[in-house]
Amino acid sequence: MKNLSIVALLHGPDRPGLVANVAGWIFQNGGNILHADQHRDEEEQVFFQRVEWSHPGSGDVVQAVAATFVAMARNDLKMECRIAVSNESSRVGVLVSKIPHCLRDIAFRFRQDEMRGHIACVISNHRDVESFCASVDLPFHHIPVDALGKSDAERAQLEIMRKYGVNLIVLARYMQVLSGDFIEAARIPIINIHHSFLPAFAGGRPYHQAYARGVKIIGATAHYVTAELDQGPIIAQDVAHISHRHSVDDLVRKGRDLEEIVFAQAIRWHLEHRVLVYKNKTVVFD
Amino acid sequence: MKNLSIVALLHGPDRPGLVANVAGWIFQNGGNILHADQHRDEEEQVFFQRVEWSHPGSGDVVQAVAATFVAMARNDLKMECRIAVSNESSRVGVLVSKIPHCLRDIAFRFRQDEMRGHIACVISNHRDVESFCASVDLPFHHIPVDALGKSDAERAQLEIMRKYGVNLIVLARYMQVLSGDFIEAARIPIINIHHSFLPAFAGGRPYHQAYARGVKIIGATAHYVTAELDQGPIIAQDVAHISHRHSVDDLVRKGRDLEEIVFAQAIRWHLEHRVLVYKNKTVVFD
Amino acid sequence: MKNLSIVALLHGPDRPGLVANVAGWIFQNGGNILHADQHRDEEEQVFFQRVEWSHPGSGDVVQAVAATFVAMARNDLKMECRIAVSNESSRVGVLVSKIPHCLRDIAFRFRQDEMRGHIACVISNHRDVESFCASVDLPFHHIPVDALGKSDAERAQLEIMRKYGVNLIVLARYMQVLSGDFIEAARIPIINIHHSFLPAFAGGRPYHQAYARGVKIIGATAHYVTAELDQGPIIAQDVAHISHRHSVDDLVRKGRDLEEIVFAQAIRWHLEHRVLVYKNKTVVFD
Amino acid sequence: MKNLSIVALLHGPDRPGLVANVAGWIFQNGGNILHADQHRDEEEQVFFQRVEWSHPGSGDVVQAVAATFVAMARNDLKMECRIAVSNESSRVGVLVSKIPHCLRDIAFRFRQDEMRGHIACVISNHRDVESFCASVDLPFHHIPVDALGKSDAERAQLEIMRKYGVNLIVLARYMQVLSGDFIEAARIPIINIHHSFLPAFAGGRPYHQAYARGVKIIGATAHYVTAELDQGPIIAQDVAHISHRHSVDDLVRKGRDLEEIVFAQAIRWHLEHRVLVYKNKTVVFD
């Protein structure tokens, strides 16, 4: 049988010997480092590390090793530490409105094992994606936000997420703004996808605005959701070149393609424990 | 001897027969169409055309043909029309502060005939690029904006531009804001280059802000200068992907590379009469 | 009711007056040009044009106008001409083996009206995509090439394609080489998608070869199928940057994303009559 | 005064404890790790590491530390090891023919401190770049390869390189094929830049071939020179999208822009000791 593996994401004030301490501890505790990536933020003097190691022990043994490592990192190295063991499963909860493409795209990526874990449930304020969910065996829940009121609806959403043991929420074109209460109560990361423009536009119908302004580049940004709308730490971004020959419909279509790829990229990196958040920015160990 | 050619840039309300009228006129007046590109803005119902044709006549004859065409376009077709004949020379005036890379880049591109026309003069509020100008035989003028005051300095700049017969001003990293008076009095197009970010940042030291925000993409935008700062019609844009591994210095360096390429692209398209401006956006017939 | 429109794709030896002749004819025959794009190959002295015009007549009238235009183009202008009227439907036949992603991607794009026309039938030498086809209501036919032998299998494939009135065949990761006989007998365009590398690799398992060679860029190319394997006219290409951090699995996944986007792009352009083939190269009026 | 730093590039068969051993040794020998990046080739089971650490000692002390590290790596860890101390200077020798753009580009990048080290000398088989070299104070040597014969010319080139203490040779559009004897006798890395196409082309005038084939993407590749022409380990690659609207001249110009950027990128990475070569591929710790 294949050995289990542990991933640790660490960060904290830089000081001599950190790499040696971490690597030495892992070696002395029976592990073999598979990947290790470090980064030092020169402006902030902060040290970041992602280290992944295999361990020959059973599930219980490896969980114990992981817990001991976290304690060591916090107490001895004074580092923040998040950890994951490869026998833990990722359960993703999806919030979506009417537009199906991002949901559909990740559904197939999970199915063909491009992404670790699985989609545990899909919740929507509309019924548009219900039949798609049925066709690919995804549990679907309809929570009509407008009818229930936002705060009751959010309570119901969280209850469903908890029932399925969801540990990551993703907003696959969810057109409602989540309240600060929801974000706080959820206590798990939330990933959102939205379009981006050079220059930026405020207000509605952004592709129409971009067309009217004659922008030559459109983009998509995936980020963690924070209380400040669309201002959370950026995980992934990509762009496409456009010209006056592209109609508003072309912009929308190219935007959709970008959204799918950037959204899937961000979720994949998160599920592989490659994303470290520090002061509203990310370090992505890709 | 090679025939002279004429480029016309037209735009106006769309109506049946425009393409036929233009093409028919050119054919009946002894021309042969080399390139023609049309565009119809579906949102605005406006028709745009760039048409380039050769004519076997002498310089005087071709100038007369061009003038007649403009009159026909305005009077018969009710179109706005700009025209250029291939024996007219483009004379570019450069405004630059201390950072030399954009100036240096276009200087070599003009020299190796990547760009039509030539640099007529370089004006700076500092002396940093003076020796470079000497080494490549470009007339250099020092106008100390702070010492003279902006309005006297701008008057002096315009006088020099006029003396050299400049018909395009380019801002090769010119760190002063041009006054609305200057822009109006110049009566010739002005092209600027600046960095762009996803998301956008206000205020100084943008690369430091981008680093602090953890952006994954940086960009550069070339645009025509209007009275509203950095809000003029966009001509060209490009981007580069970055990661946490890039320091602020790396961002600055990658930004410089982008600025050079986007700035040169915009100037080249302008000098080849490929850029049509309409309502603060451009149609670029590339 | 909206007017019908006609698209003509023309090419032939350049000579004075072509644009005027075409535009004049359309105007005199009651049409209004919506888009026109010309290109002149300076090396070959060949003129290319895509012109799209609307006409107020009924279906029969517009078909007659289109037929008259073709005759005029061939006889009077000595140009090759292909024509399409907007009331004609595109029926796409898909050949696919086991890998489903390209089929699935275009199925959803047709369904959300990103592409003109529809998928008429899916034929595979395996049964892997059968249940997917059922879930999205696409007629599926299993033709076991190995069991039947290539020439009988190809005859059966062509018969099915004809039964559905297919006018474009697309190879959505079809892992069999089509015979020259099939290509000739089909008499309709065939579009293929394959991966591309810098530098190129011969032989099997290309992603493993690319990994072993340490390439920094992988790509995908969509092209028309000709008798010479993978050497037909290129319609669309795109690339992604990779590094040593990407495993072979990452390369395969990124390759899949590229294949979907490039394949869909090529099919969309073909169905919008934007692709003109000349001497094993394409002119794409995008 | 700022501490000196050491960069080590290591590779060899993977086994448990390598990261711990390296980090532990550095810590125990008075160093502080600034950056460390590891990679494990899953196909080859080879471990790669780039580790950079600062040391408070004087120049002689740090050189001794570096030498001891190399001995430890080779004897105790059984790893190949290359090392560089930050007080050692990089001296680059340039071979160039007539086309100046790559030479000019790196000359300015070295001058504005984008690249570590400096250009020690420029050798050409023509006199075209002589005056440029004079204008930026670079020693120029003319070695007429055709007149002297290749083997005498190469001997003269190597002699000059040695006189200047060159430790990296770069081919800035050098249109002669270096002999296997030269490559072997030089005993220092040689970096070349060349254009790349999808698909690849053999033979002369590649941009004309690419135009004739209607390729949609052109690229540039920088690689280390080996005895097999243009087949050495790839360091950097980039591409640009093109269309039928681009003439052969446009392709050449876009190719030049790509060549400059890719060439400079490869040289920068090499001079920062970020490139590890293994079995004709590179691991670039960017």
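Think of it as A, B, C and D in the order they're written, each chain with its own count starting at 1.
Rule of thumb we're sticking to: a contact is a pair of C-beta atoms (placed from the backbone, for glycine too) under 8 Å apart; a residue touches a chain by one contact, two chains touch by 3 or more.
A quick note: this is a predicted structure, and the numbers were derived from the prediction, not measured.
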{"item": "Identity of the chain that, by mean CA position, is farthest from chain B", "value": "A"}
{"item": "Over-half contact-pair match to A-D, picked out of the listed pairs C-D, B-C or A-C", "value": "B-C"}
{"item": "Selected interface, B-D versus A-B, where C-beta contact pairs are more numerous", "value": "A-B"}
{"item": "Centre distance in Å when chain A and chain B are each reduced to the mean of their C-alpha atoms", "value": "42"}
{"item": "Between chain D and chain B, distance of the C-alpha-averaged centres to the nearest whole Å", "value": "36"}
{"item": "Multi-chain contact residues (two or more partners), chain A", "value": "39, 245, 286"}
{"item": "Chain A-touching residues of chain B, taken from the complex the two chains share", "value": "39, 41-43, 48, 196-200, 208, 211-217, 219, 221, 233-234, 236-239, 243-245, 247-248, 279-284, 286"}
{"item": "Footprint of chain B on chain C - complex, ascending", "value": "16-20, 22-24, 26-27, 31-40, 241"}
{"item": "Touching residues on chain D, where the partner in the complex is chain B", "value": "101, 104, 108, 112, 114, 135, 245, 253, 257, 261, 286"}
